[in-house]
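Written out below as C-alpha cells is the structure these notes cover.
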Amino acid sequence: MPLVMPDLRPIAPEIVMTCLALFILVADVFIRRKETLALLSVLGVAVTAFAFALPGVLNTTFGGMFISDGYSMFFKIIFALNVILTVLISVKYLDVEKVNFGEYYALILFATLGMMIMASAGDLIVLYLGLELMALSTYVLAGFIRYDMKSNEAALKYFLLGSFASAFLLYGISLAYGLTGTTDLGRIAMTIEQQGLAGKPALTMSMILIAVAFSFKIAAVPFHMWAPDAYEGAPTSITAFMSVGPKAAGFAVIGRVFLMAFPMVRAEWVTIFIPIAILTMAVGNIVALSQTNIKRMLAYSSIAHAGYALLGIITGTPDGLASMMNYMLIYAFMNMGAFAVIIMLRSEGFKGDTISDYEGLSKTHPLAAALMLVFMFSLTGIPPTAGFMGKFYIFMAAINAGYTWLVIIAVIFSAISAYFYLRIVMYMYMKDPKETVTLTTSPSMGLALAITTVAVLAIGMFPAKVVYLARVAFP
Amino acid sequence: MVPLNWYLMLSAAVFSIGVFGFLTRRNIIIMFMSVELMLNAVNISLVAFSHYLQDLRGQVLVFFIVTVAAAEAAIGLAIIIALFRNKATAHVDDMNEMKG
Amino acid sequence: MNYYLLIPFLPLAAFLINILFGKSLLKENAHWVAILAVAGSWVISVATLIDVTGGKTLNQDLYTWVSSGGFKASVGFLIDPLTAVMLIVVTTCSTLIHIYSTGYMHGDNGYYRFFSYLSLFTFCMLMLVMANNFLQLYFGWEGVGLCSYFLIGYYFNKKSASDAGKKAFIVNRFGDFGFGIGIFMIFLTFGNIYYEPVFSQAGAFATKTVNFLGYDVHLMTLIALLLFCGSIGKSAQMPLHVWLPDAMEGPTPVSALIHAATMVTAGVFLVARCSPIFSLSETALMVVALTGAITSLFAATIGLVQNDLKRIIAYSTVSQLGYMFLACGVGAYTAGVFHLYTHAFFKALLFLCAGSVMHAMSGELDIQKMGGLKKHMPVTYATMLIASFSIAGVPGLAGFFSKDEILWLAYSGPSPVGKFVWLIGTFVAFLTAFYSFRLIFLTFHGTFRGTHEQEHHLHESPKSMTIPLMLLCIGAIASGWVGIPPLLHGGAHFTEFMKPVLGHPEGHGTHAEEWMVMAISVAVGLSGIGLAWFMYVKRRDIPVKLAEQFSGFHKILFNKYYVDELYSLIIVRPTIWIAKNVLIGVTDARIIEAIVNGVPAAIGGFSRQLRKVQTGFLHHYAIIMAAGALIIMGLMLMRSW
Amino acid sequence: METNGMGFPILSTLIFLPVAGAVLLLLIPRSKEALIKAVALCVSILAFVISLPLFTAFNKATHAMQFVERQAWIPAWNITYFLGLDGISILFVLLSTLVTILSILISWESIKNKIKEFYISILILEGAMIGVFCALDFFLFYIFWEAMLIPMYLLIGVWGGPNRVYAAIKFFLYTLVGSVLMLVGIIVLYFHAGRTFDILDLATRTYPYQMQLWLFWAFFAAFAVKVPMFPVHTWLPDAHTEAPTAGSVILAAVLIKMGAYGFLRFSMPLFPEAARAMTPVMLTLSVIAIIYGAVICLAQTDLKRLIAYSSVSHMGFVTLGIFALNTQGLEGGILQMINHGIVTGALFLSVGVIYDRTHTRQIADYGGVASVMPVYSSLFIVFTLASIGLPSTNGFIGEFLILLGGFTANQLAGVLAATGIIIGAGYMLWLYQRVFFMETNAKVTGLADVNMRELVTLLPMVILVFWIGIYPDTFLGFMHESVRHLIERVNTGGAPGASAIAKTVTEILQ
C-alpha cells in the first residue's frame, strides 16, 4: 500500500489553529503585555476563520476520519465566535482577577482546537481525541484562578466528573467497536444495517454509554451536576466560554454520532433523549428560579437551554439539526453578551456576581442595564430578539416531526424561565441602587458587547440569513 | 485460546470496580485512580476486540487512551496541588463551598 | 328641512351655549338664553298644534343614527296629535318653570349650570316625545333620566341629594332593562324599530306565541309587558316607585318640571304611544290597569301621613300617575293622556306653590311647622288652593274632567278588571282630596307653628315666581275645558283629536250610570275635603288620637311600607355582600388567585427543594450520574423486552 | 412588493417611525429632559398625522386588505413581511396613534425618574401595537404580540405604584403562558396548511374539526388572557392599579383589545366550526365576566382597581358581541372595543390627572371634588356616562348593538348581560358620587382644576365619545364589509356535518 499524502486542505483551519496556539504559547515567553497576546489570538482566530473559506476545505480526509462539511463548518464558526468573544471579554477581567497569564489564551485556543476536531470527527478515535483536548484545556481554565478556592473546587469537580464521563464514553466506544469492528461512523451505520445489529443489547448499551458521556458535556440532566458548581467557580470569562463552546461541541458530536452512526436505531436513542430533554428543561428552569448567584443562575439557564436544543436532535430531521445549530449560534451570542455584562460588574474588591448586585443598575449604568435587558429577554425567548428565533425554529422542527406534546412542555418551561430572567431585569430597573457599582470597561469589552447586542437584535429581526446558513449546512 | 467473553467479563468487572471505587471513596487521589482503573478496563476490552477482529484500530485507540490518561493525570495532579495549597486536604467532602 | 325640528334643537343650542360659556361669560344672565330658546320652542309647538289640528302630520328622518346589518335606527321625528299635545305640555310647563326659576334660583352659584340642565332636559324630553322610532325614544328616555339625575343631585355637596340622584338613575335602569329587551323583541319580531311599520304590522302577530327564555309566551303580551317595565321605572309605579319621593331633594322647579309635569309622565306616553301593541294583549292591559290602581292607592295612603311638603305632593304624583295607567289599562288611552295633560298643569302648580312656600320659609319643608301662611302669601295660597281643588276633582276645574273620564271609562269599559279599578280609583279620589287639603289646611290655615325668626321672614315671592303661578293656575282651571264630555254638553274635543292615534273605547253604560259615576266622584272629592277640614281645622286633636290608636298602621304608612328597607335588605346589601365576601373573597382570592399565585409559589417551593439535591458533594454528583445511567439502561432493557 | 395606493409604505412608516423615534431618544443626553419629552411628543403626533390618511383613504366598499405591503422576510420558512388593514383593524391603528399622544401628554409631569427610558418604552410600545393590528403574517403578528410585553412590563414595573413589581411580573407571566400555547398552535397550523403563515391564505382553508377545537383552545389561551375573560382576568386589576397612568391608559385602550382582535382575526375565520361549536361556552364566559366584573366593582375602594374591574365587565360585552356571530353583535363588539378604549382610556387619564395632585387612589380620600374642580368633574362625568352606556355617548351604541346581537343569538345571554348595564350604572355613579359629590374632603380642598395640557389630553376623548355616540356611522361604516365577510366565513366555513359533532362536544364541555 503506497503511502499517500492525505489531503490536508480540509484540515487547514485546524492546522492554522494549532500553529496559532503554539505560537501564543511561545510568544508568551517574549511578550510582557498579555493584551498583545489577546490581540494576536483574536487576529489569529480571524485568520483561521478565513481558512474556513479556502477552496477545497469542504472535503473528507484521512480516510474518512476527518469530515469537513457544512455541518462542522457551522459549528467551527460558532467556536471561532466563541473564542473571539471570550478573549475580548477576558482582557481586563484577567487583570482584575490578577491571573493575567499568557497560557490562558493558549489554553483557550487549544480547547477550541479540540472542539473543532470534535465537530469534524468522522471516527470515534478522532472524536475522543478532540474531546479530551477540549476537556483537558477547559479543566485547567476552570481552575485558572489558582489562589481562589472556588475556582479550584470548580476545576476539581469538573475534572473528576469529566474523567468519569470520559470513561463511560470509552466503554461505549469499545462496545461499538467490538460489535461493528470499526470506529468509523459511517461504517458503523453500514455494519449495523448489514448485520442487523439493531436492537442488540450491546449496541443499546454502547449508545447509552455514549449518550451519557455526551449528555455530560452538554450538561443535560441528570449528568449536569458538575455544571452549576463549575460555572460558578470558574473565572467568569471561562464560564462564558464553557457554557457556549463545549456545549456546542457536545451537540455537534451528538448530532454527528447519533445521526451518522446510529440512524438505524433512531427509535432507541430518541427514547433515551426524550426523558433527558424533559428533565433538562425542567430541572434547569425550575432550579434556576431560586438562585441568588447570577453565574449559577445562568448555569442552570444553560442547562435548560441544552434541553431545548436537544429537541432539535430528537426530531432527527435535517430541519431539527439545523434548528439545533441555529440555536447554538444564537445562544453563543446572547449568553456571551450576558456574561460580558456580568464581567463588567466585577471590579477590584467587588465580586458582582450575586443577583442583588444588580439592584438599580439602570440608574447607575443605564447602558449596561439596557444591554443586560436585551440579553435577558433574548434568553427568555421574547421577540424581537434572537432567542425567540432560535426557540421558534426548534419548536417548528419538533412539531413538524410530530413532537407537539414535547413542544408544549418546552414552551411551558420557557414561560417559567421568564420569571428568573425577568428577575434580573426587575432588580436592574425596579429597585433602587444600594451601593455604587463601578464597571470595569475596556474597548475590547465594548466591542464584544456591540457584537453580541447587534447580533442578538439583528438575528431577532432578520433571521433569514442565519436560518438559511444552518439549513444549507446540513444537507 | 482465551475466549473473548472472558476478556469482556474481566473488562466489565474492572470497569465496575472503578465505578464503585469512584462512587465510594472520598480521597481525591483514590477517586482519580478509580477513573484510571475504568480507563484500563476499556483498554482491556479494546485490545481484546482488536485481537479478535484482527483490526488495529482498537489498539490505536488504546495508545491514545494511555496518552490521554497520562495528560489527564498531569492535569489532575496539578489541580489537586493547587487545591492543596489553598486548603490542606485531599478529601472531596471538604470541597462543597458551592452547592444548591 | 322642517321648522318643527327647531323645537328640540333650540333648547339643545341653549344647553351648549350655557354649558360652554355660562360660567365665564353669561353668569347671572344665563337664564336669557334658556328662556328664549324654550319660549321659541313653545311658539313653534303652538304652531305645530295648530297645523296638526288642521290634519297635518309629519314622519321624517333627520339622519341615520345607527345602522348595522338589518338594524337601522335614525334620528327622526313623528308629529301627530299625541306628539302635539305632549309638545304643548312640555314646552308650556318648561317655559313657565324656566321663568319661575329665575326667581327661585336667584343668587345660586350654579345658576348657569341649573339652566343648562333645564335646557338639556327640555331637549331630551322633546326628543322623547317627537321620536319616530324606539331607539330615539330610548335616547330621550335615558336623556331625561340623566337630567333628572343631575338636577336631583343639584346640591351635590349634600349626601342625601347625591344619593337620591343616584337612586333615581339606578332604579330607572331596572325599568330600562326591560324596556331595552322589549326593543330587542320588537326588532326580532318586526325586523324594524320604527313606529309606523311596527304598529301597522302588530295586528299580524296578535295570536303569535314565542319562546322566551324557555317559556312559550304570547308575543304581544311579552313585548307590551317588557315596554311597560320601562314605564314602571320612569313613571315611578310599584314596585319601582321608590326613587320619586327621594327625588324631591332637587330644587323645587325641577320637581315641578321633571317629577310632576313631564318626565314622569313619559311612562304613560310610552304606553299610549304603543297602544297598538298593548291593545292586542288583554293580559298586558290588565297588568297595566292593576299596577296603576294599586300604585295609586298605595301612594295615596302613604301621602296621608307624611309631613314633608314636597313628599306629599310627590306621593300624590305617584298616585296620579297610577291613575293614568289605570286609564290606559282599561283601554282609555285618551283619558290617560288627558289626565296627563291636565295633571301637568295642576301638579306643576302645586310644586311651584310649594317652592314658593319653601322660599318664604327659608327651605323649611315640615308642614307641622307651618300654618297660617295665607295672610303672608295670598297669591301662593290662592293658586295652591285652586290647584288642590283641581286635583280633588271639584267640578269645573281641569282635574274634574280628566278624572271623571277615567272613572267613567273604567266603570263602563270592556276591561275585565274595570269595575274593580273603578272602585279603587274612586276611593283614591277620596284620599287625594283628603291629603291635598290636609296639606292646604296645615300649611295655610291655623296659626304659625314655626320659629319666630321664620315668621319674621315670611313674605310673598317675587313676581318672577308668582306670575308663572298665575299662568299655570289658568291651566289648572281651564285646561280641562277642551275635554268636556258630551254628557255635560261638551264637545269632547280632546278625545276626538286623539282618536286617530289612540282610538277610544265607547263606554257601555246608560246616561244614568254616567251621572252616578260622576256624582260619586264629586261626592267623594268633596267629602275628602270636608274630612280634612274637620280633622285639621275643626278638631286638631283627632289626627293625633288616630295616630296613637292605630300606631302600628300609622308607622307602616309613615315609613312608606318599608319598601326602601326591603330593597336594601334583599337587593343592595346582598349584592355588595356577595361582591365582597364571595367574588372578591372567595372566587378571586381563594380560587383564581390561589391558583395564579399558588402554582408559581409551588414551583418556587419545589425549586428550593430541588436545589438541595445539588449538595456540593462530589460523590453525590457521581452517584446521580451513575444512577441516571443505570436507570436509562434499565428503561431501555425493559423497553426491549 | 405590492403597492398600497398611498405612494409610500404607510403602515411600515407607522410601525417604525415610533421605533426610530425611540432610537433618536436613545441618542439624546439624559439631562435634556425637556428635549426628550418634546421629541417623544413630536414623534407621536407625527405618527398620528401620518395615520390620518388611513381614515380618509380607506375604501369602505370592500372587505379586502388595504394599504398592503408585502416583502419576503424569512424565505426559508416562507415567512413574509405582510401588512395590511381591513375594516376590523383600521380603527385600532388610529386609536393606538391617538392614545400614544395622550399618554405622553399625561405623563409630562408625573414621570420624574428615568424619563428617557419611559418615553422610549412608550414609543416602542406604540410601534409594536400598530404592528399587531397591521400584521397579516402570523409569525409577524406573534413577533409584535410578544414584543409588546417588554415595554409594557417595564412601564408597569418601573414607573408603577408600590406593588408594581408583583403586578408587572404577573402581567408578563400570565400573558406569556397564554401566548406560548398560541405559538404552538400557530406552528401546528403552519404545517397543516402546507408551510404558510399568511393569515389570508390560512383563513380560506378547511381544517379537521378536532384540530380546530384544539387550536381554538390554544388560541383561546392567548386571547382570553389578554381580553381578559373570566376566569383569567386577575392580572388586569393588579396591572391597572399599579401601572402609571400612561401604562393603564395604553393597557386599557389598546392592549386588552388585542385579545378580542385576536378572536376576530384568527380564532373565528380560521376555525369557524370550532368557533360555532364553542359559542355557548364563550357566551357563558362573557356573561359571567360581565356580571362578575360589575358586581365586584361594587365593593372596590380603589379608583383604578374599580375601573380595572369595570374593564373586565366591559370586555365581557365585547366578547359577547363577537361570539354572538351576527352582524349587530360583531359590529357592536368591534365598536365597543374602540369605545372601551376611548372611555376607559379616558377614565384612566382622568384618574391620572387627580392622582398627580393627591397621590392617592383610595376613593375614601376623595369627596366633593366637583366643587373644587368643576371642569374636571364635567369631563369625568362624560366618561362616566359613556361607561354606563348613556345614549348619545359611544358606550350606548356599542352596548346596544352587542346586546341586540347577543339577544338574537341567545336570549338568556342577552338578558343576563343586560343586567350588567344596571350594575354598571350602580358602580360608576356610586364612584362618581363618592369622589365628586358630597362634602368636600379635606384632602382635595384647594386643588387646581385641569390645566391646559390636561384639558388638551382629555378633549379628544370627549369629542370621540360624542362623535361615536351621535354619528357612529363614520366608524361603523368601516366595518360593514369586513364583518359581513367574516360572518360569511364563520357561518359557512367547514363541512355542514361537523356542526352535529359540535353540538355534542359542546354539551360534553358544559
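Labels for the chains are A, B, C and D, by order of writing; each one numbers its residues from 1.
We adopt the following convention: a contact is a pair of C-beta atoms (placed from the backbone, for glycine too) under 8 Å apart; a residue touches a chain by one contact, two chains touch by 3 or more.
Model, not experiment: these values are computed from the prediction.
Interface comparison, A-C versus C-D: the higher number of contacting C-beta pairs is recorded for C-D.
The central chain here, found by comparing per-chain C-alpha centres with the mean of all protein C-alpha atoms, is D. Mean C-alpha position of chain A lies 78 Å from that of chain C. With each centre defined as the average position of its C-alpha atoms, the distance from chain B to chain D rounds to 64 Å.
Computed centre separation for the pair chain C/chain D is 37 angstrom, with centres defined by C-alpha atoms. Computed from the mean C-alpha positions, the centre of chain A lies at a distance of 26 Å from the centre of chain B.
In chain C, 600, 611, 614, 616, 618, 622 are the positions where the chain touches two or more neighbouring chains simultaneously.
For chain A, the set of residues touching two or more other chains reads 156-157, 160, 164, 228-229, 291, 419. Counting only residues that touch two or more partner chains, chain D has 173. Here, these are the chain pairs in contact: A-B, A-C, A-D, B-C, C-D.
Chain B makes touch with chain A in their complex at residues 8, 11, 15, 18, 22, 28, 31-32, 35, 38-39, 41-42, 45-46, 48-49, 53, 55, 57-58, 60-61, 64-65, 68, 71-72, 75-76, 78-80, 82-83, 85-87, 92, 95-100.
Chain A makes touch with chain B in their complex at residues 124-125, 128-129, 132, 136, 139-140, 143, 146-150, 152-157, 159-160, 163-164, 166-167, 170-171, 173-175, 177-178, 181-183, 228-229, 232-233, 291, 296. Touching chain C in their complex are the following residues of chain B: 19, 22-24, 26, 31, 92-93, 95-100.
Per the touch definition, chain D reaches chain C in the complex via residues 170, 173-174, 231-235, 292, 295-299, 326-328, 331-332, 368, 370-371, 374, 378, 385, 390-392, 396-397, 400-401, 403-404, 407-408, 411-412, 414-415, 418-419, 421-423, 425-426, 429-430, 433, 436-440, 470-473, 476, 480, 484.
The touching residues of chain A, counted against chain D in their complex, run 362-363, 366, 370, 373, 377, 382-384, 388, 392-393, 395-396, 399-400, 404, 407-408, 411-412, 414-415, 418-419, 422, 425-426, 429-430, 462-464, 467-468, 471.
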